[in-house]
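A, B and C label the chains in the order they appear, each numbered from 1.
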Amino acid sequence: MRIALFIACYNDALYPSTGRAVVRVLERLGHEVAFPLAQTCCGQMHFNTGYQTEIVPLVRRFVETFEPFEAIVSPSGSCVGMVRDAYPRMAVVAGDTHLARRVEELAPRVFEFTELLVDRLGITDVGASYPHRVTYHPTCHSLRALGLGDKPLRLLRAVRGIDLVELPAAEECCGFGGTFAVKNAEVSTAMVADKTRHVLGTGAEVLTAADNSCLMHIGGALSRMRTGVDTVHLAEILASVDEHAPSAL
Amino acid sequence: MSGGAADPRQLHPTVLRPGDFPTMAHEALGDAQLRRNLGQATATIRAKRENVTAELDDWQALRAAGSAIKTRVLRHLDTYLLQLEEAVTAAGGQVHWAADATEATALVTRLVQAHEADEVVKVKSLTTDEIELNEALHAAGIAAWETDLAELIVQLGEDAPSHILVPAIHKNRAEIRELFLRRLDIDELSDEPADLAGAARAHLRERFLRAKVGISGVNFAIAETGTVSVVESEGNGRMCVTLPEVLISVMGIEKILPTWDDLGVFMQLLPRSSTAERMNPYNSFWTGVSPGDGPCEFHLVLLDNGRSDVLADEIGRQTLRCIRCSACLNVCPVYERTGGHAYGSVYPGPIGAILTPQLLGVEQAGTLPYASSLCGRCYEVCPVEIDIPEVLVHLRNRVVEEKKRRSRVPGSEQLAMRALAWFFADQRRYEAGLAAVERGGPFARSGWLRRLPGVAAAWTDARDAPVPPGESFRSWWKSERRAGTGS
Amino acid sequence: MSAKETILARVRAALRDVGDAERPDDVAVPRAYHRTGALSAEAMLDQFVERVSEYQASVRRVAERSLAAGIADTLTAAGIRRLIVPNDVPDDWRPEGIEVVDDDGGGHERLDRVDGVLTGCSGAIAETGTITLDSGARQGRRALTLVPDYHLCVVRADQVVASVPEGVAALADAIAEGRPITWISGPSATSDIELSRVEGVHGPRTLEVLLVE
């Protein structure tokens, strides 16, 4: 299948290794990956902060860029959630019924990475190997907005050599919440303090999730505490096929 | 009787007003005792709620029905209000309408004065807290005795409510014991909850028996039959609605259900979501007045006080489905850490963050819609399916639009958002921006940055920030795949 | 403009998006929840007993013919010496050796000077361990089951329904007649201190139930 990758702007700039991992996994599974260069940002940060009219052009851009593809994948649960939940409403805000129809047709073809693998491609074992002690944080958007359920865990459990340990109070929010982390920095910090405490309690070397934004938040706190625990996107674990750490990709 | 107990007219409650949420939360975040009290209490009730909702295999169907019934009421509220008025009147009750808090408190004060009463017994009612009824009664020389244990604790402590179900959730047993010893004229008291409850019983018993006027809120009012209900645990509600000669119940106009039968849904949703019990101990349902049983006069006050403004917002409207169960507070990671007072309203937590700005206007409570990480747990547990994150984001938009309207000079956030949107709106601009980020990366010594300037400092106060790698995904793709695909 | 007119005008203005042709019933209400219980009659009674007990109320199952003895034993064991009853309870509900006073409908202070009250009920809900009172036969006025510190309630097995929707439906006639209704699920309780439940505040601190089969 020819699958278009929607990388998400912050992954493009800050976490290119995650994008490379998605490409690698999909190509290993025999699919063709396209990366339409017209893509930029889904507009989630604007939308969640209250700036709606500003991003109507981004909704149009996304629709025009990805409409030609049969399947679109993104390694960001919250950006997929944005397309599914907010785009229909943004089309209403724009007063554009034609756009609304196009969004409605496109949205069901936009998949979060683990959704694409498990639901659309029907695979849980992607042939990965990752001999490390890993714990998984289900991000709020992947858990509650997308309803990913145990799909990420099913994929992780099939990885060779992985020592997957359960994260206590996993479903608690890490306190990121986009601009919330800055606007309510103190509350956000109090939340991430509990999250890091739970992560450290597992004794894991690596914390993984299906979204780099939350990983950036928890990872930033773990780094500040000089804990030595790495944060690695789930796609990078699934892309690993040998002893080498994901950075070797 | 505790003759020397504090007269409520002499007590000065803490008045809640919304302010800057992060500032108001600051103090609570530093209060380790408060954090422990809240953490323990919410963890307990979260687990209980999960058990009692999980044991019903039709819980989601009940939520869907509850949500739809309330939607039906809201879309036809004028019809149902008139139907309710007619039914209550036919059953011997008197219906009054109050457009705002001032009208409502004046109305209730007049009713109490007409019966020459200088005191009333009250069952916990957020609606009467919202309109600051006690203060109005006290100003008229009428003592309003709060009879719900938690409301009593708040009243005696000259405090403010911090939780919808348990207004004194921020107090632990030792603090309550100290307060009762100080205010209730008791010499000895342990900090066992049973003994503390016993002290409240002794303090209030005679007041219940002698009270001429009782005041309550309303959980549900049935339009078809005129039946009004109060749902409670201690029996203080039954005392207030049964023993006095006159009963005055104040209800928000959204509290209606169409038919008696609809209680088959709501009497499952509310107890299991609220006290996390299969059923709370006492539910009272009365229809007008009944000769020989209970009050001989019943007044029902229908209060708007901003609700019609909420109704007018098509996305915000769902807020009025709320049945005040407080499940959203108990699961909220923000509430758990800040407590209720930071929300500056008798409606704290996620529901308060959407209700208060709508009741008062977003310009009065503009930071409340941002007091959430949008984690979505509130929506997940809401028994009437209020999509709180959706309403929060919608209200953030109203806050932003309001700011744009009020000031012709855009603020720094607005400028930044505009600039970013401008970058994102065009491929070449976006790529130029990315290139700048790529050039900035290699100057860092490790993968993380310890300090960022400006607004971003709020991030690096407690968390490191990632260093952009030298090559973006796009650059890698272009060099790897040359022309790229599909662009 | 009166407050009523103001509010109605505001509400109607707020609902401009609702078409004039839409009637309340046009707003669909999905009723996929259980309207009736699935348990057998016996299992339902077991459930009722179990769930009432979980509220820290005691339940005893008695045969019809030993009800009078059951009442006497229960009251004696509870140390009740002065008992108030609704006027219409049968004679064999009035145990010898206990002072039984009829409710005269007078002041509430009198209710505060008895040890306990004995009533029947209008129905019961197994799933939630709830007893319903509708001011009908053997129940008296509401204050009667509220002010005394002890309540013994007689529930007939055929009064028990499985679910809340059935319990609500069973009260439709009482509602139509305008009778006040009270639901009782265990003794009075509070969770206001640290959200941990303790029994016994303003209502009866002790609730006992006799289930008559």
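Here is the rule we go by: a contact is a pair of C-beta atoms (placed from the backbone, for glycine too) under 8 Å apart; a residue touches a chain by one contact, two chains touch by 3 or more.
Not measured: the values here are computed from a predicted model.
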Inset, instruction - Sort the other chains by how far their Cα centres are from that of chain C and give me the top one. - result: A
Inset, instruction - Average the C-alpha coordinates of each chain, average all protein C-alpha coordinates together, and give the chain whose average is closest to the overall one. - result: B
Legend entry - Between chain B and chain A, distance of the C-alpha-averaged centres to the nearest whole Å: 33
Inset, instruction - Quick one: report the Å distance separating chain B from chain C, using the average Cα coordinate of each chain. - result: 29
Legend entry - chain A and chain C: spacing of chain centres that average the CA atoms, whole Å: 52
Legend entry - Residues on chain B engaged by chain C in the complex (per definition of touch): 37, 40-42, 44-45, 58, 61-62, 64-65, 68-69, 71-73, 75-82, 91, 96-99, 103, 147-150, 153, 166, 168-169, 172-173, 176, 193-194, 196-198, 200-201, 204-205, 208-209, 222, 225, 227, 233-236, 238-239, 242-243, 253, 258, 260-261, 263-265, 267-268, 271, 275, 277-288, 290, 292-294, 302, 304, 308-309, 311-312, 314
Inset, instruction - Enumerate the contact residues on chain A facing chain B in the complex. - result: 4, 7, 9, 11-20, 34-38, 40-41, 43, 45-52, 54-55, 57-58, 61, 68-69, 85-86, 140-141, 143-145, 171-173, 175-192, 216-217, 219-221, 223-224
Legend entry - Residues of chain C defined as touching chain B within the complex: 2-4, 6-8, 10-15, 17-18, 22-25, 27-35, 51, 55, 105, 108-109, 112, 125, 127-130, 135, 141-143, 146-147, 163-169, 171-172, 175-176, 178-196, 198-204
Inset, instruction - Within their complex, state which residues of chain B touch chain A. - result: 21-22, 25-26, 29, 333-334, 337-338, 367, 369-377, 379-380, 390, 393, 396-401, 413-414, 417-418, 420-421, 423-427, 430, 434, 437-438, 447-448, 450, 455-456, 458-459, 461-466, 468-469, 471-478, 481, 484-487
